[in-house]
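Two complexes are shown next, each including chain A; its partner changes from chain B in the first to chain C in the second.
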Partner chain A sequence: MGGSVIDRDKDKNVKPLDFRTAADIRSGLHLRDIVVDYTMGGRTVHAVRGVDLDVAPGEVVGLVGESGCGKSTLAKVICGLVEPVAGTAVYDDTPITPLKFRSRPMELRRIQMVFQNPYASLNPRRTVRSQIEEARAISPVPVPSVEELLASVELDASDADKLPHQFSGGQRQRIAIARAMATTPTLLIGDEPIASLDASLQAKTAILMKKAAARSDASLLFISHDLSIVRLIATRIVVMNKGQVVETGPTEEIWNHPREEYTKNLLDAIPVPDGLGHLPAYHGEN
Partner chain B sequence: MSDMSAQESELFKNQGKPVGITVRGLTMDLYGRRLLDHVDLDIAPGKINGLAGESGSGKSLTSMTVLGLPPEGAKITGSILYDGKTELLGMKEHERNTYRGRRISMVFQDPTSSMHPMLSIERQLTDGMRYHLHLNRKQARKRAIELLKLVQVPDPENALDRFPHQFSGGQLQRIAIATALSCDSRVLIADEPTTALDVTVQAGILHLLKDLNEQLGLTIVLVTHDLGVMSALADTIAVMRSGKIVEVGPRYDIINHPKHPYTIDLINSLPTRIEQRLEAEGKTMASAEEDL
Partner chain C sequence: MSENTITATARGKQPVATSPKGDVPDKVVRKMTKRRFSVPAALRTPLAIIGLIVLALWVLVIIFAPLLEPHDPLDQLGTRLSAPSGDYWFGTDTLGRDIFSRVIAASRVSIPSSIVLVIFSSVIGSLIGAMAGYFGGWIDEAFMRVTDLVFAFPSTILAMVISAALGPSIQNAIIAVVLVSWPTYARLVRSLVLGLRNSEFVIVGRLLGRSSFASLFKDILPNILPHIFVLMFVDLGDCLLTLSGLSFLGLGATPPMPEWGQMVSEGVTRMTSWWLAFFPGLAIFTVVIAENFVGDAVRDWFDRSYISGNQEGR
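Now for the complex of A and B:
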């Protein structure tokens, strides 16, 4: 979210906080009893109904669930884009407040998001360099150069002076990741960052995002409906359904021994690419 | 098909044998660019024919051309034979209309955008029948109810009077399939039919397509980039890249013993394959991160 730096000049007078002294002074993300309602035409939709979620410093958490389960809404709460009706959200001891006209507090800029659609999240009229430079400017610690950042997502230094339309969807998503990393985030959120990519790029991009986060000691909250990819990168999986967390546990445990019926059905429904022609189990729509 | 088997249905009594389509040397040029390059494709009668490839590979273009909706101004050469005898390419438009939607139909990726938001399900489902089969409103409605039972939409009578926004994505895709079958089409082209759906809903649509294929002898062209879906449903798989078919073969062989470098790349990028590779090398994700 390199866009939220409207009045960054003002912040230059503020002494940069030293965030990176040690991982142990960071306490990570803590959400407690988060409730989010949307009101549309007089009707209220309960998008999130009392969710607790913790992401420890350096942890890679996969948040999975089907469309409408509230996972994207939760991501927006963490970024301050949606105001919860109830509950507390704290990141590194700073309460997360909804984004209004003022710029986000320095501490909360360490939370960065990569969105689903790379065609919409990059500014079409600005070069890759200027978009990444803008993100670099809000980093409180020294950041690698634009070229180094691009190299870290396997793009060429010469790509810096191109415009977004000159890249494919997968490349654009990597630019978006580089831009998010340019702020040296301590928490990186991917909201379905691979859903609009070609199949052969999905696993690759997910792994790349994990590597980028690991390199700078950042936590990663990876939101996806694709459990088989989440399984590759996450150390812990949180399963959501109808606005609530139904199950959470270490990746292998959720994958091999799910306790909840909902998780079992979700895993059963994934088609296995073994060439044997078995249809995945169908337990009806819920 | 749980409560309503196809055999019981009046709908498909006069179906006859399954129909195939043979595509030979299909080449398309548009604005000086070659979009399809000598595509040979055997759409086998009564089978589920997979067409795999990534965005821009020409898989949708091929299927749209088979359906008879190529992009405007495209220069097309080659041959598309319906049932081994009727040449579809170069056919007069009024004649082509007796195939499109009547003998060959299509189901699209996103049911919410392939349906008209302001027309009732009845109107959208019966439009084709009234045009192609010359049914009156009452007959068409009766047939529509049968079709909805066939694709297992609950409470069909009621469903006909509702509008697309009142259904979930999975239910809408079932209605789209019913619409495609409404005029006894013998070939169904399903272009990414489950890509916009959740996995649990996807499983239901896959079962439905398999049932229709087995019980009606419906020929299906399954166009998708999802090799998991392909592996569950397709009998044969053709892999496309840059407007060319690079490899064709039985499902098992393509998934487990791909020969073309591009197919090998595609298969190797599957999450399950990445994992197997790591396991074989005795590595975990964490230790192998740098080589990936």
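Now for the complex of A and C:
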């Protein structure tokens, strides 16, 4: 699976991180020593504790970990929605600045995000067309029409003039992906985009997102707690636990030969369709 | 994906109310949904219909007032305090002016004034509430403390004080009522904005390059406008009452301008001539009760359409 993104590159044997040295004008995403604290009722919660993360142009990275490990916070840092207390975040040589009153700098608008809750990520009072058109308007390069974008996420052209409440959760998530793609992002972030979809749609949506990113040559940072889905699309997997990166490596290596105990537990938590299931607490006893 | 698969997906995930019949094709469901919203059931209750008819009649009266007045409302006809008769349907007042003509003429003052003041107070209150809710911090603190300050006084007394300080006139009475009624809107809008400002679609808007002001006006406010409209409707009757109350106390419309509250106050001193206060009082009563009926119906309609899933995910 992991080979499909590498296929697009001239050198098939090059490791994902080395994309930066490829003949590409973009330098990708670089996070160094990112620390994020939240203060809740006088108590400080360390959400992210010194994370380094690189996403090369065109790379598909899976960021996995259980709930509360800091993956979404990291995504928010990349989008400028959360200001880190320490560390540097740079995208394509532009420092990522936190979003305040002003509008987001042009260069950083190339980073777009698809959110977890498809019921909240579309404006309920505006048609699908107007929402996608608005996204198209910020693209610096020519974009396919709204109808073509909808077709790329397997929706009808006639769906363009409907309101979000006329769609199911899975359809809404695909509209959200189409809207993100309308901006022709160079980095697409999926923040648990499949978590609220039913099992049959999860893999389908994840693959759709990967295809969409690949079509516009964008990098994809796919955040999920579900390693089995991430494995289907990512070339490299980053495992986070308690605000820190515990393991990172090519997908197949993580999947077949995890080094860290935490990663092994995550893999063991994936239910298998034999009806018995695996639970981390019973590792080795099944 | 084939069309059938999409339909099946929609069936599986859509909330019950938006596609109530699981085995009905998507297009039919959509048609049914449209039809339901074009004739809202909440507006088909007897009280709502009565309210709408009464309000419609008053609107006609306002439009055609000059044609409906049998006499000039300011004309002193000579027959003072004559009881209702064939010549003077609602009788005449202490100066011999036709009360029927004055009640009709006053509809052009009282009803538009209450609409104007509701619009002003909703705009001012909504802007203040929206800024407080969206920006938070010291802006929120400052605006909300001013709101608390206004809430700390009984609204009628405060309106009287402001009106008395500004001097009696209908414009000043409107200003006074606006100054005491905006905090309700500010509180409502602030809470709604607080609930929406971290919504994912608002964040998406920011990621697409909206400034925070643009996000507030383009993404958040359009989504809370229906709530504001409902409150405006329910508030109309109250505002008319407060405005009439100020005129009753001599702080609103000044003679000889016909205004219902002021006409009632003229009649209070002469209880034997009951028609002096009765007919303008009846006019206030019909408008306020009709506005309340319609306001309740609009609120019910709104609640139902929200509960039924038209706005889920907010």
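As a convention for this text, the second predicted complex is superposed on the first by the 252 of 286 C-alpha atoms of A that agree within 3 Å, B and C clash if a C-alpha of one lies under 4 Å from a C-alpha of the other, contacts with A are read in each partner's own complex, and residues count from 1 in each chain.
By definition in this document, a residue touches a chain if its C-beta (ideal position, glycine included) is under 8 Å from a C-beta of that chain, and two chains touch if they have at least 3 such contacts.
Being a predicted model, the structure only gives us computed values, none of them experimental.
Asker: Check whether A:Gly42 is in contact with chain B, with chain C, with both or with neither, and answer first, second, both or neither.
Answerer: In the superposition, A:Gly42 touches no partner, neither chain B nor chain C.
Asker: According to the stated criteria, A:Asp198 is in contact with first (chain B), second (chain C), both, or neither; which is it?
Answerer: both
Asker: Go through the superposed model and pick first if A:Ser121 touches only chain B, second if only chain C, both, or neither.
Answerer: The answer is second: A:Ser121 touches chain C but not chain B.
Asker: Thinking of the overlay built on chain A, is A:Asn265 touched by chain B (first), by chain C (second), by both, or by neither?
Answerer: Only chain B; A:Asn265 stays clear of chain C.
Asker: Using the touch definition from the top, say if A:Ala214 reaches chain B (first), chain C (second), both or neither.
Answerer: It touches chain B, and chain C stays clear.
Asker: What is the contact status of A:Gly169 with respect to chain B (first) and chain C (second): first, second, both, or neither?
Answerer: After superposing on A, A:Gly169 lies in contact with both chain B and chain C.
Asker: Just to be sure I read the superposition right, which of the two partners does A:Pro142 touch: chain B = first, chain C = second, or both, or neither?
Answerer: neither
Asker: Examine A:Ser67 and indicate which partner it touches, taking first as chain B and second as chain C; both and neither are also allowed.
Answerer: After superposition on chain A, A:Ser67 lies in contact with chain B alone.
Asker: Looking at chain A, which of its residues have contacts with both chain B and chain C?
Answerer: Shared contact residues on chain A: 169, 198, 201.
Asker: Give every residue of chain C touching chain A within the complex, in rising order.
Answerer: 1, 3, 6, 9-14, 18, 30, 33, 199-201, 203-214, 219, 222-223, 309-314
Asker: Can you list the residues on chain B that touch chain A in the complex?
Answerer: Against chain A, the touching part of chain B is residues 54-55, 168-170, 198-204, 206-207, 210, 225-235, 251-256, 265-267, 269-275, 285, 289, 292.
Asker: Which stretch or stretches of chain A touch chain B in the complex?
Answerer: Against chain B, chain A makes touches at 66-67, 169, 198-204, 207, 210-211, 214, 225, 227-229, 231-233, 265-266, 268-286.
Asker: Over in the complex, which chain A residues touch chain C? Could you list them?
Answerer: Contacts found on chain A: 79, 81, 99-104, 106, 109, 111-113, 115-126, 134-135, 138, 154-156, 164-171, 176, 179, 183, 198, 201.
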